[in-house]
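Both complexes below contain chain A, partnered by chain B and then by chain C.
Let's turn to the complex of A and B:
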């Protein structure tokens, strides 16, 4: 596959996910939390009426998956945006200032990285009881910026020795302005790649937390909560596992493929610049 | 005589390295008067660029200035003034033109943006007015179709055009002093002539003083009125330009002049000065040039020669001045 197509295919796939999620209220055959009024409160295998079957409360799984996509994707996008912002600020500042400040910042980061992220998340959700969605975003964002910070910092370390930084200084530009206007734009390729891979990571992480009952709370749907509803020995309700599971795998794969393709397409330009 | 615009007194810049302290600039003093063009000449590694950067206090991290060093611009000491005051000088009263416009221009910003930024940093002009002024300046330095070019990125321009952009950036606020560090070295010969012509024209127009750093004596002859020759962190000769070419005082200057190829020498091998500049951690005792000098005798190894006044504006750091009979022919 050409480099262009390697980027285009996952980009289109991701766009499909986003369109499906945004269009959920119109595309879904039923409201996501509607329990059927006729009394059929049981999990049924796929039929023409419910192509992905129904869950133990008789709710349409397709509808819940479409609405769940909104939750899963927006949690991932928002928390990665937050992580990118925090990580870029921290990394850029540490790399720019350098010296002892930089060393201290990096050691702190080492400490943060030594604590497994899942452990922190489990602990926090245990302390919180049930997590409101915005708190979940906040938690995922505030535990997800370490890699961004390290990568941005190492980019900035290299960039601050470049001639154009010296030239900007020679024209009397303030340090903060040099950093934001002259240096940080060069970090974009790194940031876009890391963020894309971060989205994949966060989608999986949120699904895991929700599956454990610590992320998105019922009755709200996310792919992880639907999976949780399908927990039965012997795969008796396979449709509650296969469909959201497939969606999850596809979404994560798409983001990873996009991240890799972007990294490759940026590489030669970084050399040229 | 009026007081000089720039006066550098005993400038010493050193670094700590694993091989010991590197005295990269070691006691350089000179002056530049308003409107004057002074050339700073020497081989790579003799401290020219570091001297230039020190004039704007832009030394790399780790550089140490001697407490006795002073760089006075218009009466104020650049080396001790507060950062804020220094920033307002940079780009406005003193500007710098860098050697390699490809790396000194930011690849992610349009050239118009970069020229306009100088205006925005130092004046209260709005973004749009700054942009207009940048486009006018780009036109003035000879960039055709400047309004369209201003919106392009550095990589879309040729080397000569990029250097014109650098010059536009440096000169847009009509600084009193422009430091040009090898402004033509990275360019084709034909473009070099155009850029020198442009610098000359801009000098006529604004009456700026120019400190021209170069290793190209052709450029010196065309542009400068006074020349400082640097070797191993020191000024070894200071001379009016005509005198430098007709009667060089220091063997190093002679060597540099002899190394310039001319039409009559084209059939022989090109002349060089044997050896290279020693590393700044390891300047030889006595005269720093003696290991490469054809005339050196024992005194050169024991006594460091002082800078001796030869004529009204001619100073030379060589024992031959006092003992001309030692000259070998």
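Let's turn to the complex of A and C:
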């Protein structure tokens, strides 16, 4: 595949996911939490009426997956946006100021990295009891910015010494403005690649947390909670594992492929995956 | 290490409930009894006092008492650690060796058909969430086909089986969690090794070595050594998993290791066990990055000079 097509294909796939998620209320055959009126509360394999089957409460899995896409994708997008913002600010500030401040900032990052992310999330969800959705976004965002900060910092340190910075300074541009208007735009490629790969990572992480019962809370549908419903006692229900799982893998794969392609097209240089 | 475990110490105590509230909730036990136990363990003291006591114990090598298991934390960890280390160690060795081999092979023929197939497959594997892969394997091989025993580390009759059967029993329980972890692990290492090997393969020294008449094997060896740095760094970062365990995979296969125990310890507010687990994992994190640094210097003398 040409480099261009390698970017375009995942980009289109991602657009499809977004359209499906946004259009869920119109596309879904049934409301996501609707329990059948005829009292047929049981998990049935796929039929024409329910192409992906029903879950143990008799709810239509396809509808839940479409609505789950809204939750899963928006949680991932929003928390990665937050992580990018925090990480860029932190990394840019540390790299720009340099010296002791920089050293201290990097030590603090080392501390944060020494605690496994999953454990922090576990503790936090214990702290909150049940997590409202916006708190989950906040938590994922505030524990996901370390890599961004490191990469931005090392980019900024390199850019700081460049001539165009000197030129801007010589013409009397304020420091803060140089940083934000002249230096940070150069960090953009790094940021886009890291964020795309970050979305892939976060989609999987949210699904995992929700699967453990620590992320999105029932009755809200997310791909993770549907997978969790498939684990309720009462025998193996492959349709509750395969379909939401396939959606999950496709979404993660799309973002990873897009990240890889963008990285190659921006610069053939290696950025930590 | 100190800062990390302190952070966890504070977070854990901020969380509502304590070991007693979790354990005795709903039991017909007089409040006074619970209060007395609490006071005895010093959980009524203000947080700084508790913290000072905990720090003093750690410095003396005392990890504390696990309220959940009713045993010293040291013993609990001594039980859990070998199980996790066995599973994670096997998975790490497999991922590292296979991943490096595959990545290096791809790096020397970047862009070829074989490389493209391998790149696509590793990308797909890399995108499989570990917990879902584990779930799929469990449903396929255990629940549907019934080829392998269900979950846990050994079957209920393990103790009375003859030696050969016991080994077989262990392996049967090990294979699925190992496979789930390794498939994803191989793809991670292969992706790293491929891109570093590809970059090394383009360096002028490769042509020089060829021009000097070095055999192709030797050229590959030469390039590979310079392409090792990022892979070693990554392996160093993976090291803490040896003591931290894999939460999702351990949970799904009910593997009685550190990852599983940490989750239930957090839920039970087993303060000492959680902080000890974090202490251990951050110690290995520091050790891992030091080790990676050391190995990098050994393999490539240019690093750090």
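The definition used in the following text is that the second predicted complex is superposed on the first by the 263 of 273 C-alpha atoms of A that agree within 3 Å, B and C clash if a C-alpha of one lies under 4 Å from a C-alpha of the other, contacts with A are read in each partner's own complex, and residues count from 1 in each chain.
Please note the rule applied: a residue touches a chain if its C-beta (ideal position, glycine included) is under 8 Å from a C-beta of that chain, and two chains touch if they have at least 3 such contacts.
The structure displayed is predicted, hence computed values, not measured ones.
**Q** Looking at the combined model built on chain A, do chain B and chain C fit side by side or clash?
**A** fit
**Q** Which holds for A:200: it touches chain B only (first), chain C only (second), both, or neither?
**A** After superposing on A, A:200 lies in contact with chain C but is clear of chain B.
**Q** With both complexes superposed on chain A, which partner does A:249 reach: first (chain B), second (chain C), both or neither?
**A** Once the two structures are laid over each other on A, A:249 reaches chain C alone.
**Q** Just chain B (first), just chain C (second), both, or neither: which does A:186 touch?
**A** Once the two structures are laid over each other on A, A:186 reaches chain B alone.
**Q** After lining up the shared chain so the two structures overlap, which partner does A:166 touch, if you call chain B first and chain C second: first, second, both or neither?
**A** first
**Q** Looking at A:77, would you say it contacts chain B, chain C, both, or neither? Reply first, second, both or neither.
**A** In the superposition, A:77 contacts neither chain B nor chain C.
**Q** State whether chain B or chain C is in contact with more residues of chain A in the superposed arrangement.
**A** Residues of chain A touched, chain B against chain C: more for C.
**Q** How many degrees apart are chain B and chain C as seen from chain A, counting from C-alpha centres and rounding to the nearest 10?
**A** Superposed on A, the angle at chain A reads 100 degrees.
**Q** Touching A:174 in the superposition: chain B (first), chain C (second), both, neither?
**A** Only chain B; A:174 stays clear of chain C.
**Q** Counting only touches as set out at the top, which of chain B and chain C does A:266 meet: first, second, both, neither?
**A** Neither partner.
**Q** With the superposition applied, I'd like the minimum CA-CA separation between chain B and chain C in Å.
**A** 15
**Q** Report, in rising order, the residues of chain A that make contact with chain B in one complex and with chain C in the other.
**A** 272-273
**Q** Quick check: in the complex, which residue numbers of chain B touch chain A?
**A** Interface residues on the chain B side: 53, 56, 58, 61, 87-92, 95-96, 98, 100, 103-109, 117-118, 121-122, 155, 166, 169.
**Q** Note which residues of chain A are touching chain C in the complex, please.
**A** Within the complex, chain A touches chain C at residues 111, 113-116, 118-120, 122-124, 126-127, 129, 200, 204, 207-208, 211-212, 227, 231, 235-236, 238, 241-242, 245, 248-249, 252-253, 256-257, 260, 270, 272-273.
**Q** Hey, which residues of chain C end up touching chain A in the complex?
**A** By the definition above, chain C touches chain A via 1, 3-4, 7-8, 11-12, 14-16, 123-124, 126-132, 135-136, 139, 143-144, 188, 191-192, 195-196, 199, 230, 240, 244, 247-248, 251, 262-263, 266-267, 269, 274, 277-278, 281-282, 285-286.
**Q** Which positions of chain A touch chain B when the two form their complex?
**A** 98, 162-164, 166-174, 177, 181-182, 185-186, 272-273
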